[in-house]
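First chain written, first letter: the chains are A, B, C and D, and each begins at residue 1.
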Amino acid sequence: MRIAISTGGGDAPGLNAVIRAATLSALERGWSVMGIKRGYAGLLGEDEVIPLTRESVRGIGHLGGTILRTTNRGNPFSFPVQQADGSWREIDRSDEILENARNLGIEALISIGGDGSLAIAQRLVDKGMRIVGVPKTIDNDVAGTVTTFGFDTAVATAIEAIDKLQTTAESHDRVLVLEVMGREAGFIALHSGVAGSADVVLIPEIAWKLEHVCEAVMERDRRGRKFAIVVVAEGAKDEGGHVSLIGDSLPGQAPRIGGVAHNLAKAIQAKTGKECRAMVLGHLQRGGMPTGYDRLLATRFGGAAAQAVADGKWGHMVALQTPHIVTVPIREAIREPRRVDPSHDIVQTARRTGISFGDR
Amino acid sequence: MRIAISTGGGDAPGLNAVIRAATLSALERGWSVMGIKRGYAGLLGEDEVIPLTRESVRGIGHLGGTILRTTNRGNPFSFPVQQADGSWREIDRSDEILENARNLGIEALISIGGDGSLAIAQRLVDKGMRIVGVPKTIDNDVAGTVTTFGFDTAVATAIEAIDKLQTTAESHDRVLVLEVMGREAGFIALHSGVAGSADVVLIPEIAWKLEHVCEAVMERDRRGRKFAIVVVAEGAKDEGGHVSLIGDSLPGQAPRIGGVAHNLAKAIQAKTGKECRAMVLGHLQRGGMPTGYDRLLATRFGGAAAQAVADGKWGHMVALQTPHIVTVPIREAIREPRRVDPSHDIVQTARRTGISFGDR
Amino acid sequence: MRIAISTGGGDAPGLNAVIRAATLSALERGWSVMGIKRGYAGLLGEDEVIPLTRESVRGIGHLGGTILRTTNRGNPFSFPVQQADGSWREIDRSDEILENARNLGIEALISIGGDGSLAIAQRLVDKGMRIVGVPKTIDNDVAGTVTTFGFDTAVATAIEAIDKLQTTAESHDRVLVLEVMGREAGFIALHSGVAGSADVVLIPEIAWKLEHVCEAVMERDRRGRKFAIVVVAEGAKDEGGHVSLIGDSLPGQAPRIGGVAHNLAKAIQAKTGKECRAMVLGHLQRGGMPTGYDRLLATRFGGAAAQAVADGKWGHMVALQTPHIVTVPIREAIREPRRVDPSHDIVQTARRTGISFGDR
Amino acid sequence: MRIAISTGGGDAPGLNAVIRAATLSALERGWSVMGIKRGYAGLLGEDEVIPLTRESVRGIGHLGGTILRTTNRGNPFSFPVQQADGSWREIDRSDEILENARNLGIEALISIGGDGSLAIAQRLVDKGMRIVGVPKTIDNDVAGTVTTFGFDTAVATAIEAIDKLQTTAESHDRVLVLEVMGREAGFIALHSGVAGSADVVLIPEIAWKLEHVCEAVMERDRRGRKFAIVVVAEGAKDEGGHVSLIGDSLPGQAPRIGGVAHNLAKAIQAKTGKECRAMVLGHLQRGGMPTGYDRLLATRFGGAAAQAVADGKWGHMVALQTPHIVTVPIREAIREPRRVDPSHDIVQTARRTGISFGDR
C-alpha cells in the first residue's frame, strides 16, 4: 500500500510529530509513504510530492513547523487562478487532486488540518478519495476531540508571556494588555489567564464592557495592587463598542498593525488614568518546540491515523476522548465548532479566585 | 465557616496553586482559612497552624513546593513515638487530630495528598471528621481521576532530560540509561519515552528481559544508529533477574546510591560492549515551577475542593473526568491504583514507531 | 552605618539579585539597610522608605522586576508639579532628597539605574550626597562596563522568539520581521540576530536601505530559501527614508501602536510580493526570570556596591572589566554611551556567515 | 584552499555553532571544507571524512552535540591497538594523520577541543601540520581565553537544577546535595551556586572539612531555615578525608555509580541527623541546546578560526579577551590550566551573602 500525508492551514507545534509517527507506523506495516508539499499544492502540480522515509522523519518529533510546509490558501474546490486580463477567478480543481493521487499510486491520504482542511477532506471523500483526518487547531476550536496538539504549547507560550509581564507591570505600576490568539474561541486566553493568574480575561464567548474592565482594574488599585494583567483573545467582543477592533489584514493586503490589545490599552488608560501597555503575542504562539504534552498527543494522533487507514476509516478523523484515541466521522466533528462554555468549572473557579471577565 | 488545608506525602509541582485557588475560593465565600503545617503535624502540636489570607497565597500559583510544607511520615493512626528506653513504638493519635481541629474551630478540611494521605483522610472521615480530598501523585497512579497535577511537569522534566541526553549520546556513540520515577506505575517513563523518542522504555507493568534490551540496542547499531536512549522507571521489573535493583533507603537510613539505571547500564555495557552511562533524574522531577497544564489543573482542583466543601461532599475527592471536574468517593478511588495498560494506544503506537519495551 | 538602596528607570531582569546581594553584604558588615520605593519618590515623600532585612530579600534572586519598584519619571532636579491652574511646571526638589536622607539617618546610597539615573546620582554627589552607582541597562548602552545585568536575559528572550518564528516562517514561506529593543544601540538585535541565525539584522549604528533588505530576501528566495527572518532594533535608521517610524508615545499619551517592524513588513511585502508578518517583542524583554549569567553578574554588582560603600567610593559605579568587578567614576562612564562598533568581530563574522545589515 | 574541521574530547553545547560559522566563513572565502568524523578517527581510516556544505550546516547552530561526532579516546600519538594475543599496545600513528590529510588535499585544520586535543594539535603543528585551535571545555579550565562556549550552558543547567531542588528541599526540610562537573576546576559549582543562592559550595580549589559543612547546615537550622542546598564539584577535595570519593570509571570499565554527592549526603545525614538526598547532574550538563551566550560565542569562535586560517596563525587558538576575539599560541594557553582564584570577587561576595565554602 502507498499512502500520503499532507499538512494544511496555519502551522501548529506538533505537526512534525504527527508526520513522524504516521510515517513510521506506516513503514512498519510495510507501506510506502509520500509527503505532499504545502497542503494540496503538491497534488496540483504547484509544489512537490516527496517520499517519506525513516531518514526523512528522523529527529523531527520535537521540532516546530512542518517539514511538508503548509498554507492557508489553495482550496482545490475554489482555487484562485489569474485570468488573462489580470483578474482572479476561483475554479474547481478537485478532480485534478484525485487524478494526480491516482497517477502517483496513492491509495490513501492522511490529511492534517483545521476545520477548513477537514471540510475539504470531507468533500474529497464524497468524491471517492480515501482520506483519514487529523485535527489541528491552535485555538482548540475543533469539536469531536477533547483537544488537539499545539494548543498546550500555545497556552504555555502565553503563560510564559504573562509571567514575564507580571514582573514588569508590578515594578512600574502599569496595566499590561496581552492579546493572544482566538478569533472565535477563547480557550487560549482562558487557560493561560487562569493558569497565569491574570486579573482580567476577555474572550469571544463572554460579552464584556469596557467599564467593567476598568472597574476591575480600579478595584485592584484601591486594594493597593497598583498593576494589572489583562489577557484578551483577538476576537473578544466588546459589548459596548467602546473599543473598536482594527481587523486583521486579508490575504495579499498589508500585514496587521495592532489589534484589540492596543485599542483596549488606550481605552483603559483614557478611562482610568493608569499607564497602560499592549503586547500582541501573535506568531510566537504557533512557533517553536511543542510541549511534552503536545509531542505525546501528536505522536498518538499520528499512530492512530495510520491505524485508521489500516481499518479503512475513510471520512473519519482521529480524536482524543480521554483516555483513548478514537475515530469520529469528520462530518459530525466539524458540524459545530467548540466554544468556551461560560458555565464550565474553569470559568467558575476563575471568578471565585478574583478574575474578571468584564461582564459584570 | 472556618476550613483548613493540609498537604501530605512527597511534594509535587502544583501544590501551591491548589492551596491558592482553594483559599481564594473559600475567602470569596466569606469563610476563614487555616493552613496546617507538614501534613497532620500541625494538628498534633508538632508544627504550626497558620491563617491563610489573600496575602499569604499571593503570587504562589507558579511556585513549586508547598508553602504548608509536607512530609512522608507521621500517619496519625500509627504515629512513631520514642520510648523511654530509646526504642520506637507506633501509637494511634487520630483522636488528637479531631480534638485539635475542634478546638481550632475547623469545620472542614481540604486534604491534599497521595493514596496514603487519602486513605488516612478516609479513616478520619469514618471517625466523623469532615474532609474533602485532592489527589496528588507525581506517578499518576491514583485511580478515579484521569490525571493529577504534577505529573505533566514531571514528564516535561524527563523529556527535557531525554532531549539533552540525545545530543550527547549521539555525539559519543553511547547508550544512555535514564531512570525516572515510578515504583509501581510506569506512566512517567512511558509518556516521556514516547514524547522524547527514546529507543527503549522499561516500566513495571511490562516484564522485560535484559537480552531483549540489548538486542534492541544492537539492532539499532546494525542500522548505523550507534547510540541509544533507554528510559527506565525506578520500579521496572527485570524478568530474567539479570539486573538486580539496589533498593531505596528506608527513613532514617542512608540516602540511596544509584538504582536500576546504574545496574542496567553496567549490564548492557557488559553484554554489548557499547559504552553506557546512567543518569538518575530523582528529585528534579518533583521540583520547580509547574507546567501551564499543571497550574491550570491544580487551580481547578483547588476551586473544586472549595465547592465540594460548600456541597458537603465529605469523604469525596475532586477528580478530572475530562472535560469536567467531578467528585468521587475516596474509598472507591483508592481501592485500586492506576497502572499502565499494556494494550493502551500509547504503547501500541510506541511499538509501531520502533520503541522496544524489552519484552520481545 | 545605615545605607539605602534605590532602583530607577525601566526595570531589568537582575535588579532583585542586586538588591539581595547588596543588602546581605551590608547586613553582614553590621550595617542597617533601607529600601527607597520607586526611584527617588520614597525620598520625596511620594512613596515609602522601608527596611530591608534578610527576610525581605529572601528568595528574590531569581525573580524579575524589583521589589523596590521603579519609574521612568521623577527626576528630582526637574520634578513635574501641577499648578493651581492645572498646568505643569518642573521644579528642583533635590534639596529635599538630601534633607530626607539626612533625617532618615541614611549615610550612603546605592543607586541602581541607567544613564539617566546615574547622571542624577552624579548631580546629587556634587551636592554632597554619598552615592555609589550600579549600572542598569537592557540595551547594554552604558559605557565603562563590559556589560550589565539584564542584557543577557533580553538577548535570550529575543533568541527564543527568533527560534519560534523560524519554524513558522519556514512552514509558511513567510518573511517575519521581529522588532527588539534598542533606540540608540543595536546590541540586542545584533547579538540575538547572530546567535539566532537571522537573515537580516538592522541596527541604529549601521544605516540601511530598504532595497538592500529586499535584495537579501530575494537572494535567499532565489537559492530556494523561501522564508527569511529580519531582526530590527526599534531605533534602526532607515537611510532611504522609505520606512517611516511611528514614534513611541510620550508619558500621558496613548500607548504605542506598532513601530518600525510593521512598517518594514509592509514595505518588504509591497516590494517583494512575499507574505510578511511583524512581531514587536516589547515588554517581554524586560520581564521574567534573569538568566544564570545575569543572576551571577547582578549578585556580583550588588556585593561590589556594598564594598564600594565600605571603601567610600562616592561618585563611582561598579563595572565589569572582565574578569574583575571594578569601580569607575560615574562622570567618565556616562560621558559617552556605548554603541555597536561596525568593525567588531561579531559584525564581521555575521557578514561572513551570510547575514545582511542592509547597507550593501 | 581546502580546509578541514574536527571535534575532539567530551561534547559541549555550541560545537555545532562553531562548525557552522567556520564552514560558512570558509565557503564565503571560496574555500572547500571537509569534516573529519570522531576526532582524528576520520584521518586514521577509522571513520569518515565528509564534505561540509551550506546544506550540511543549515539549522544546526542551536543544536547540542556535534554533527562530526567526538570521542575521548584515540590520541594519534599513543593510539591503542589490539595485539594478536588480545592485549593492547599504544602506537604512534601521527604520521598517518599528516599523510592522510595530504592525500585528501587538506591544507589546514580547525581543531576544536579541550586541553588534551589542543596539546595533540600542538604536537601535530610541530610536525608541520597547519592547525588552528578552538578551545572547548565545559569546566572553563582552559587558560588563555576568558571563557569558552558550553560553560554558560552547563552553569544554566546547574542553576535550573538548584532552583528545582530548592522547592522540594524546602517543602520537606531536607538537605539536598547536588554534584556538578569540575574535576580540577570549580567554576560550574561556584557560578551556579552563587547565581542559584546555594548555601554551601564545595570546589577543588578550596579545601573543605565535613564539620564546617555540617556547621553551616545546622547554623541555618537554628535560624529556622530547616533545609539547605549544597553544590559540590565532582573533584572537590575533602580535607579531613571523612568523605571518600568513589572514583569515576576508567574507559572500558563499569559506568560510575554515585560519587562525592552520595557520600557527602550520607556523611551530613549521619552527623546532623537531617534528612539528606543526593543528585548527580552528570551528562545533563553536556547536552542540549546551547544558551544564547554560548551560541554567540561559539559563532564568533568559528568565524575567528576561519580568519586565523586566512591569516596563517598555525599553532594558535582563538580566544575571548573581552570584548574581542584574539588568537593566542596554543603552547602558552595550555601551559597552565585555569583555576578558581579563592580571592576573586565572586568568592568574596558569595561569603558576604552567606555562602559557606566549608573551609571555616
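Operating definition for what follows: contacts are C-beta pairs under 8 Å (C-beta built on N, C-alpha and C of every residue); 3 or more make two chains touch, one makes a residue touch a chain.
Just so it is clear, the structure is predicted and the values come from calculations on it, not from any experiment.
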| item | value |
| --- | --- |
| Chain of greatest Cα-centre distance to chain C | B |
| Mean-CA-position distance for chain B and chain A (Å) | 32 |
| Whole-Å separation of chain centres (CA-atom averages), chain B against chain D | 34 |
| Gap in Å, rounded to a whole number, between the CA centres of chain D and chain A | 42 |
| Residue numbers of chain D (touch at least two other chains) | 163 |
| Chain contact graph, described as a line, ring, star, complete graph or other shape | ring |
| All chain pairs that touch each other | A-B, A-C, B-D, C-D |
| Touching residues on chain A, where the partner in the complex is chain C | 10-11, 13, 15, 38, 63-66, 69-72, 157, 160-161, 163-168, 170-173, 176, 254-258, 262, 265-266, 269-270, 275-280, 282-284, 286-288 |
| In the complex with chain C, residue positions of chain D that touch it | 20-21, 24-25, 28-29, 59, 61-62, 146, 152, 155-156, 158-159, 163, 191-192, 194-197, 291-293, 295-296, 299-300, 302-304, 306-307, 322-325, 344-346, 348-349, 352-354 |
